[in-house]
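One chain, chain A, links the two complexes that follow: it is found with chain B in the first and with chain C in the second.
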Partner chain A sequence: MTKKWTNTYLIPYVLWIGLFVVAPLAMVLYYSFFDIQGHFSFENYLRFFTPIYLKMAISSIGYAFFITFFTLLVAYPTAYLLTRMKNRRLWLMLIILPTWINILLKAYAFIGLLGTYGPVDTLLAMSGAGRRQILFTGSSFVFVSVYLFIPFMILPIYNSLEKLNSSFVEAAYDLGASAWATFRRVIFPLTLEGVKSGCQAVFIPALSLFMLTRLIAGNRVITLGTAIEEHFLVTQDWGMGSTIAVFLILAMVVVMALMGKGWLKRW
Partner chain B sequence: MVKKRIGSTLFLLCVFVVLYLPIFYLMFYSFNKAGNMTHFTGFTFDWYKEVFSDKRLIAIVVDTVIVALLSSLLSTVLGVFGALAIYLTKGRHYKNMLLSLNNILMVSPDVIIGASFLILFTLLGIKLGFISVLLAHIAFSVPIVVLMVLPKLQEMSPTLIDAARDLGAKRLDVLLKVVIPFITPGIFAGFFMALTYSLDDFAVTFFVTGNGFSTLSVEIYSRARQGISMSVNALSTLIFLITLAIVLVYYFSTRGMGKVKQLSGGEDA
Partner chain C sequence: MTKKTIIQFDHVAKRFDGEIILKDISFAIERGKFYTLLGPSGCGKTTILRLIAGFLEPSEGTITFDGRMVNKIPPNKRQVNTVFQDYALFPHLNVFENVAFGLRINKLTNKEIEPRVKQALHFVNLDGYQNREIAELSGGQKQRVAIARAIVNQPQVLLLDEPLSALDLKLRTAMQVELRQLQRRLGITFIFVTHDQEEALAMSDEIFVLNQGKIEQSGSPRSIYDEPINRFVADFIGESNIIPGTMLKDRVVSFAGKTFDCVDQGFDEREAVEIVIRPEDLEIKPHGEGLLQVRIESQLFRGVHYEMIGKDEDGNSWMIHSTKSARIGEEIGLFFEPEAIHVMRHGETEEAFDRRLESYEGAGHD
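Right, the complex of A and B next:
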């Protein structure tokens, strides 16, 4: 009886999976074996391991590490302090609210904020540091990325801090542990799940977000995402683009294997 | 101790200021007569007038809303089917497999989704434009609907269905009069999430949009690449206010639903 039920609901759903999940990924893999003339070859994979592409991949991963690290550095204390607040539901709502605003608009705001004669530029000039190019540098790219990712790191950490049984913390204090020891030995290990899913939610977008490198880094930073976009939409070399995409998927699988389950994505 | 508290409050304050500063900065300068984001010379509504008289922009906003509404409606239907399919799948192994396949699009970066859909649509011969954008939006919204509806289904007591069957309800009646009403909050949540995913999306749309068709995100991107444009400021202020309204409505309506659920839940218990 129930078996018939299952079959009818499965039909549209499995069709969707086949057409929009399995087929596109299979085609990316398929295309990665074709060079720009449309001949089957492993050339794209060989090209990926030439210095140009390898350097790009390594710098992209390096940037993603930096971004994840700084995001964690800001997000963990924020999440911790939030759990100590009186109206925490309201404060949490205020953290989430900016994530509903289109990411492009926030990036656009930074073009003004960091641009020449913008507030940051003026502030630096007044403080005697002198005017210098802030926009279109690697550091502005890291800063804006951290800004965009902070809420996505705060949320999972906040959730795991909420779940933390406070009697563990009290027990640690009773047993004479210092605040730092309590944090290092009790609080942090018990909230590691949240930290992991937060890092995952930041690291993968940091590898793949391409509009930021264009708008904020002014093409000075090339991430895996930028390279894919460039190959697909600018040079029309779909084969090489697919090869980079395959490596991005591999990176994603590795990160997910390291960080365990838990996913949260908004873009 | 007091010192410590002041320190932590200051830290939190800094985080909130940094979080909101760019947004208010944008909004503030949208009223700037000087037409830049550096020197405020006087108050004006000119840029808002410019937005409302920009026919191309208005058309793009309408297109964006149409794509969002249509795609979230269709993906909600597909997603409910998907959730039912996963719920009714018997073997644990198959169930997990379906769930993993479902989640692939949730975790893959947008560049991958965009690039792979570009290949798919090209091979299928679908012209890039409204249809391809709509299909892409439906495709990436389905998994989120499934994930919003599935917990509701799992919450539902199987005895409810058995009771309906015993009382002589037909299969369709069970679905329409028992199951669907029960999972309605999940369906609404899924629809709402799909809507925001669609409105928010830039990267996937950018890949599959072609030349003639554009959504708001893509348009903002191409304008922002040319540098500061005051109409983008005005537009983003409007979007911010609309977003705020939607979030508040959603927040209060789900709270309302929560209350209803609590009441009926009390009866169940």
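Right, the complex of A and C next:
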């Protein structure tokens, strides 16, 4: 009887997964085997391995890597400080709050901030550094992405730091370790799980960014995400767009597998 | 301070947020001895250990280590290692790496580290456990790894915060013996924290009995057991009968409506006192014999002995430990030696107590 009931409860979940996860994936895979004239072919896959697309792939992975790296660099110390704060719930709330605001709104806010004659530009001019193009550069794209992803990195790291038993830290000090040695040999390894889930939570979405790329980087940064958008909305080459999506999905699977296995453990 | 002294507390006080946790603690710890801090939960034992280890700074007073004031020296710069109450073994390292931790911090080479780790594991009877993961160990084994991890650094003082409290009774008793032997073999100072008075009596060279942030009494297990300074110590160290009495003159005390010979002196005439007699010092005699008559009210079999509660004619309760049993409701006689009577003065300080004892025992009391 219980078995039957469990199955009944599963129906909505299975329907959801089937309709919104498996079916789209299957369709993407299906479309990837058709060229722009609608003929079945492997041409798209061959095209992916031409320099244009390979460069795009490398650039995507590179940007995602930098975004993840800088996010981690900011998020880890922040999460650490957070665990030592008096009213950490409040601070945590303040960090989570921006994630409730639509990403497009935030992107437009940054366009205003970073644009020509915007506050940052003006400040730079006043400080004597001179006016320069800030918006529509690779670095502004990384900067804004890092800003957007920071909360998603902080949360898992904060949680693992919270769970870290303070007596491990004391034991390390007791055994003669300096603050840095304690961090490197005890605190960081014991919060690696949080770091890994944070890196996953940032790297995977960063790999497929396209809206933000367009708005902040203009056409200076071309990634797989923007290429998919281009193929679907501009060139109408759904087959090639799907093929790129297939490779993106494969990349994500690889990242998850790597992070799950704990390759960072050897650190 | 003598040459033997390794740690000294001088009028150390500790406050947390204005609340006084330790008040005016002074003591000297000598090299190579086994000390126990004994007291009920919350009395400040861990706080004292943390002051010695360097995790806390005293609010007042000074702590001296090997002749040097160490109030502000951080824990990683002290020649003291701690066995934590929850062991605090690093879960991401195996047994070998846990034990090697302090040596690696001190930048020893692998060649130097390996024999020392093996020797430390040998000391705690864990030969061949190097490659085990921490999660695979039992409570007693974790305990030993924690000790090995501390002693491998050859500290001058080893601090142990209730290390046996998580173990079952049998293992605990075995570990008590092992720890005591280990201390003797290593020849370093152990400062051991426990709330278990039997453990303290069994293991220590010297016991500090703590209560509410104060040292009530310090001394050898024997002297603390035989001559508790006050009601708290008498009660905390083993079972005892504590009865109000009057000191008639030197070596004569009256309680329970009768007059008895005793061995205590140095009191005022007709001073109100409390007398302590340990349950195992009471001997059961037939009704009418002995020094006191009681009616048995309850009896429990405690394994080795019977524990009986009797009431005398004055209404005082007497706890009796005896291998003989009695029937409930039975009238029996109780006999005890003059040495079994210990007289306590109300509100006597430890110094005054020691002075009074020395005045008539000579150098007999230590």
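The definition used in the following text is that the second predicted complex is superposed on the first by the 247 of 267 C-alpha atoms of A that agree within 3 Å, B and C clash if a C-alpha of one lies under 4 Å from a C-alpha of the other, contacts with A are read in each partner's own complex, and residues count from 1 in each chain.
Assume a contact is a pair of C-beta atoms (placed from the backbone, for glycine too) under 8 Å apart; a residue touches a chain by one contact, two chains touch by 3 or more.
Everything numeric here is computed off the predicted structure, so don't read it as measured data.
Undergrad: Using the superposition on chain A described above, determine whether A:I67 touches chain B (first), chain C (second), both, or neither.
TA: Neither partner.
Undergrad: Quick one: is A:V186 in contact with chain B, with chain C, with both, or with neither? Answer first, second, both or neither.
TA: Only chain C is touched by A:V186; chain B is not.
Undergrad: Figure out whether A:M211 sits in contact with chain B (first) or chain C (second), or with both, or with neither.
TA: first
Undergrad: Mind working out whether A:A172 is in touch with chain B, chain C, both or neither, as first, second, both or neither?
TA: second
Undergrad: Determine, for the superposed model, which of the two partners chain B and chain C contacts more residues of chain A.
TA: Counting contacted residues of chain A, the larger count belongs to B.
Undergrad: Quick one: is A:L92 in contact with chain B, with chain C, with both, or with neither? Answer first, second, both or neither.
TA: neither
Undergrad: Could you look at A:L161 and tell me whether it touches chain B, chain C, both or neither (first, second, both, neither)?
TA: neither
Undergrad: Answer with first, second, both or neither: which of chain B and chain C does A:V195 touch in the superposed model?
TA: neither
Undergrad: After overlaying the two complexes on chain A, where does the chain B footprint on chain A coincide with the chain C footprint?
TA: none
Undergrad: Which stretch or stretches of chain A touch chain B in the complex?
TA: Touching chain B from chain A are residues 2-3, 5-6, 9-10, 12-14, 16-17, 19-25, 27-28, 31, 74, 77-78, 81-82, 84-85, 91, 93-95, 97-98, 100-113, 115, 117-119, 122, 147, 150-151, 204-205, 207-211, 214-215, 224-225, 228-229, 232-233, 238, 241-242, 245, 248-249, 252, 256, 263, 265-267.
Undergrad: Using the touch rule from the top, collect the residues of chain C that touch chain A in their complex.
TA: Residues of chain C touching chain A: 53, 55, 74-77, 80-82, 84, 86, 88-92, 101-102, 104-106, 149-150, 153.
Undergrad: Which bits of chain A are touching chain C when the two form their complex?
TA: By the definition above, chain A touches chain C via 165, 167-168, 170-178, 181, 185-186, 189-190.
Undergrad: Along chain B, where are the residues that touch chain A in the complex?
TA: 8, 11-12, 15-16, 18-23, 25-26, 29, 37-39, 78, 81-82, 84-86, 88-90, 98, 101-113, 115-120, 123, 139, 142, 171, 196-197, 199-203, 206-207, 216-217, 220-221, 224-225, 227-228, 232, 236, 239-240, 243-244, 246-247, 251
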